[in-house]
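One chain, subunit A, links the two complexes that follow: it is found with subunit B in the first and with subunit C in the second.
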Partner chain A sequence: MSVNTVPCTVKPTVTLQIGDAETDSSRPGVYVIDVTLPIGQTVNIQEISFKNYYTAYVSVRLLRRDGEGAAKWTTCLRNHCLMPSPHTEEGSQDYCSVYRQQMLIEPDNVTSVRLILRQPSSAWLNFSVEDIKIHPCLNEDSEWDIPDWLSDLTQVDQLCDLQGLPDPQTVSSSIQQMWALTEVMQTNQTTASIGRFDVDGCYDINLLSFT
Partner chain B sequence: MAEKRRSGGTSGMSESKPTKTDTEREFLSQAGVGELLRGALLKMVEARSEDPMGFLADHFCNQASEAENGTGGCCSDGDLLNLGAGAHEQQQLSRALWHLRLAHHSQRSAFSNNVRVAYDLLTQTGPQRRGAVGPSGPAGQCSSNSPGGGVRGRLYTHTLQCLCSEGGVPVSTSAPLLRRLHCQDHEAVPYDIFRHGVLTCAVFSDYIRRAQRLYAEVCGPAEGPAGRTLCLAVLGTLHEALETSRSNGGSSDANHYSNANAKANPYLEAKVSRYLEASAKISPGKLAQAMAGAEPAGGNMDAKEFEDAAAELFIARVRVVC
Partner chain C sequence: MMDEGTELSLTIAQIVQRLKATHLHSQIERQAKECLHRPEIQLESLKEDVRNFLKASGWERKLQNAVYRELHVQPLPSHPAAPPEHAKEPLAYMRKAQVNWEKRILKSLNSMCTELGVPLARKRPAVEQKELTNKWNEMGTDEPDLSRFRPVYAPKDFLEVLISLRNPNHDSSEEASAKSHWGLIQVPLHDRDIPQMREAYSELSLTTGQLGIDDHTHVPPDLFESEHTRIGKKVVNEQDSAAAQQYSRQGCPTGLRADLWALILNSTNEPEDVMHYEQLKAGVIHHDLLVDNLIYKDVKLTASNDDYYFVFEDFLYQVLLCFSRDTAVLEHFSYNSATPPKSYIQGKVGVEEFAVVYPPNGVIPFHGFSMYVAPLCFLYNEPSKLYSVFREMYVRYFFRLHSVSSSTSGIVSLCLQFERLLQTHLPQLFYHLREIGAQPLRIAFKWMVRAFSGYLSTDQLLLLWDRILGYDSLEIVAVLAAAVFAFRAENLMEVTSLTSAEAVLADLSTLKVMPLIQIFLFATVI
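The block that comes next holds the complex of A and B.
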């Protein structure tokens, strides 16, 4: 689970009910949560993570912006089960993640995410998902700059005109050992000082400073 | 001295001739033979000398003379100490050198232990002189702070000289190194500096031996001296590698690495990338390239000059003791 998250706004839940909301006293079984990105920004989603709170099934729809600029809603996850049995506790408060690989379509250039939550059981007073985070794809290429010397490696076999020259393998081995010995010496240097107070080899009183 | 001890031992044994095993065991535990042998065996395993008999003989010889000096050191006979001081110092020096020779510097913990033992041995010459009346007055001052206060500068410099010459390094080659490491005769050398100096000399002797072998390799099967440009090309690659892996140097590519896993320790990551880069500069391919690029003309370089040039690369990176 990567640490990078995209800043987004989670809108308040909307309930979907049959009948009039004011007169009907039964509790809703479907909630819809919209998550929007700041205007103009799009994201290639790697992962959507959230904390479940007694939601049984979740569907995910994405608002994607294609090449021409038109926005289109598509379903990327259909009825994903979070609780194996809606009446029981199992899976009710789990931390869940929906990965790119699980989605039906490529979640690229997404401007908005809609989570549709369903809880068919009447056992629970309330249900929702909390702490929704959207994780973008990491661009692997920009993080890894190949240094120049890696592409500059030469093979011994490529150089054929080694007549009369000493064997590069043995010479290289000796040079490597000499380099390693020098490094050993350098890493074991001490910063301790013997505590001399003389300047240029003499203790002339005029040279002593008062700092 | 060895014979005297042996005869003393046998005479003791003949007096109380044991017939039962219990008295034998008692005698051995009283004499502390178990400890002696255990110490000898441990030292032997650490040193892994090729001559076990000689090693054990040296070890017991050292132990015996140390035990003698331990009891006789408290006497306040100033004149006797004065006369024996020089010889005593020489003895301490040879014993310290014996300890330092036991383990190779690559056996890190064994080598450190031996350096500690040698340091303690050499600092013991300090309290001995407390009773001296002669012109070696300042010696008392340096030992008055603590038992020893440190190794005397002269003794320390002498130790380094012996280490270098025993390692097969000619005096002229080791002179510039000793100029960086030496201390004034009257100074008291603390343990850190002593260890630094000893380790540097041990590593330097290995380095010079390698350089001598390298010269033989560069000469190749031909008996004559090697070409100057060829030698300089080979040493040039070493110089480049050392420049690359220097602590405060290195290529700018090291800064571009931003791997999330290593963010916790950027210093270590930069060091590793510098080492990798330096090692790429002394790969067989790179050396073949450097050697092929060396012009055939330009005179020859003899073994001594090559050794001095290689030594210079090492010595330039040794921190001056100050």
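The block that comes next holds the complex of A and C.
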């Protein structure tokens, strides 16, 4: 799971309702949220993450740009269940992710994501999803820029006389051994607590704190 | 909602990390090293041979039991973006309610402190330490002046908090609808109905043998009891935690119960456990805590007054005073919605190096807390073993009975389930009780908060707790509460006030729990 996210704009929620939005007394059961990338940019999606707020089902549609530059909407996730029992709390405030592997189509060259939220239960006053983040695929073969000063380092065979200093090869190999030892120590660290509740033998407390 | 492969790897990594810190890990390592001398271990097939040795000598089983224990207490792997508070409790309004409740408790404790002029904690002078060491086995004979101390809260105060829980996003407009709930709990948590529970509790069905029903004196033991006991002995010999848990669903024979419960809870009494207990005892001797007085008071008010439990008074002090000093209990706060109270020593408020948890285990006892320990005294007579079993039961089950959370085994769910079962299957009774001002939860709450300890006779209580362990859930407590109302429904329909309703349900000591539960789950017409 990557922590990289792509900067994108989340448009205001659009309600889908039959009848006049103002005069209809019942609350809408479908919301649509569009998430767009900056103009001209496309992304290959690895994961879409969000925090649920009482949404029961979510469908995801993607606007993809194909080879010729034309854009096309396709559904990549249909009625994904976030709340197994829409009248009750289960799953209502969970953190969720939709992964590339779950999608019906390849989410590549995407310019826009549309989340269609459904909540059939009338028990809730409001529902939506929050903190929508789009995580791009990590590019394995991307070139890392090497800073200039690295290439200025002296080559090994250009090293001049040591003047009594130890051989760099033996020093580096022993340092490597020590480093390996510290790595082993670190991985073997236990999470067991010592069990002391006092601080240096002192446990004189007057009042509990509220913060 | 990660994909299954990642979730499994994460769980495995977490369990490995936790088990590396245990004594079992070093024991197995040592065993593996020592077995290299054995003739059957060949160099060519070293890994296989060592593994086979560990399996044959029972160490693999111990490891399995330890992993099984971790699976019980580990919170589910959470989404990477989820903050730790989300693992404690996913619903924001419940977290807020728990925080507010805790603030009230802290304020109450602080004011008790200032009023009485007693510090929360102080180091005992050497003379007092010596005195306590001598008196350790008979602390019950002490009659300290506890009149100034009062319990921090009682279950009925907590009930008021639960009644006032509201989801700000829930539409609770007054229109009568199919989903209107007659009870006191107004949060829409999910619970199981009887058809779902019939599947989940299939071992309790009318056609399956049960201890608590089929071990009755009139039933010939060959029908069920002898065979069940034989299997129980086998489970204890195999030392298999998971098998013991499955077995416990049909009840534990009295003679095997202590071993079976210890197996299910993976509660050992190795030298390091005894040493840990001695360390806690030293903590009690060295420091005097205000909560000690609360514990004394609670024991004197509840267990000491109970016909079944007064003989265990000294044991209760020995367990509960040590429990308060046990920092290992702090681990369970990662999946408990509660947070341990904090303080600063030497008046250095705000300085993190001087921050401590109070009490050391983070749990402030309330009125009736000692009743969680009392029934266990019938099973274990060695204090370190009794302590070990109690602590594990607390961090798996009992903590859920006095914190605000949306967990299916939490007290909020239990209350809601009780009310829903009553409303669905005994609507006339519920309506009648509501009309006379006797909301059923006001009577049943105190039973459920204590998991019926102190209300049922001991043998019946232990049969109930067999099933709590067997099904790894407190849900059965809510079912029993509803079943008790169903059993006394006729009398309850006659009463005309809350007091008379309470009188009808005051004495549960003659009830047989398993027939009640069985009839309610499997013989109710739906």
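One rule holds in what follows: the second predicted complex is superposed on the first by the 142 of 211 C-alpha atoms of A that agree within 3 Å, B and C clash if a C-alpha of one lies under 4 Å from a C-alpha of the other, contacts with A are read in each partner's own complex, and residues count from 1 in each chain.
To be clear about the criterion, contacts are C-beta pairs under 8 Å (C-beta built on N, C-alpha and C of every residue); 3 or more make two chains touch, one makes a residue touch a chain.
Everything numeric in this text was worked out from a predicted model, so none of it was measured.
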{"item": "Partner chain(s) touched by A:R196 [first = subunit B, second = subunit C, both, neither]", "value": "both"}
{"item": "Which superposed partner A:K51 touches (first subunit B, second subunit C, both, neither)", "value": "second"}
{"item": "Which superposed partner A:A70 touches (first subunit B, second subunit C, both, neither)", "value": "neither"}
{"item": "Which superposed partner A:D167 touches (first subunit B, second subunit C, both, neither)", "value": "first"}
{"item": "Partner chain in contact with A:W179 - subunit B first, subunit C second, else both or neither", "value": "first"}
{"item": "Partner chain in contact with A:D94 - subunit B first, subunit C second, else both or neither", "value": "second"}
{"item": "Partner chain in contact with A:I18 - subunit B first, subunit C second, else both or neither", "value": "neither"}
{"item": "Footprint overlap on subunit A, where subunit B in one structure and subunit C in the other make contact", "value": "188, 190, 192-193, 196"}
{"item": "Touching residues on subunit A, where the partner in the complex is subunit B", "value": "143-145, 147-150, 152-156, 158-159, 161-162, 164-172, 174-179, 181-186, 188-190, 192-194, 196"}
{"item": "In the complex with subunit C, residue positions of subunit A that touch it", "value": "1, 49, 51, 53-54, 84-85, 87-90, 92-97, 99, 101-102, 122-127, 131, 133, 188, 190-193, 195-199, 201-210"}
{"item": "Subunit B - residues contacting subunit A, complex", "value": "105, 183-184, 187, 189-190, 192-193, 195-196, 199-200, 203-204, 206-207, 210-211, 213-214, 217-220, 230, 234, 237-238, 241-242, 245, 247, 251, 253, 256-260, 273, 277-289, 291-292, 310, 313-314, 317-319, 321-322"}
{"item": "Interfacial residue positions of subunit C with respect to subunit A in the complex", "value": "1-3, 6, 17-18, 20-22, 78-82, 86, 90-92, 103, 106-107, 109-110, 113-114, 119-123, 167-171, 179, 187-190, 276, 279, 283, 287, 325-328, 330, 341-347, 349, 353-354, 356-358, 360, 406"}
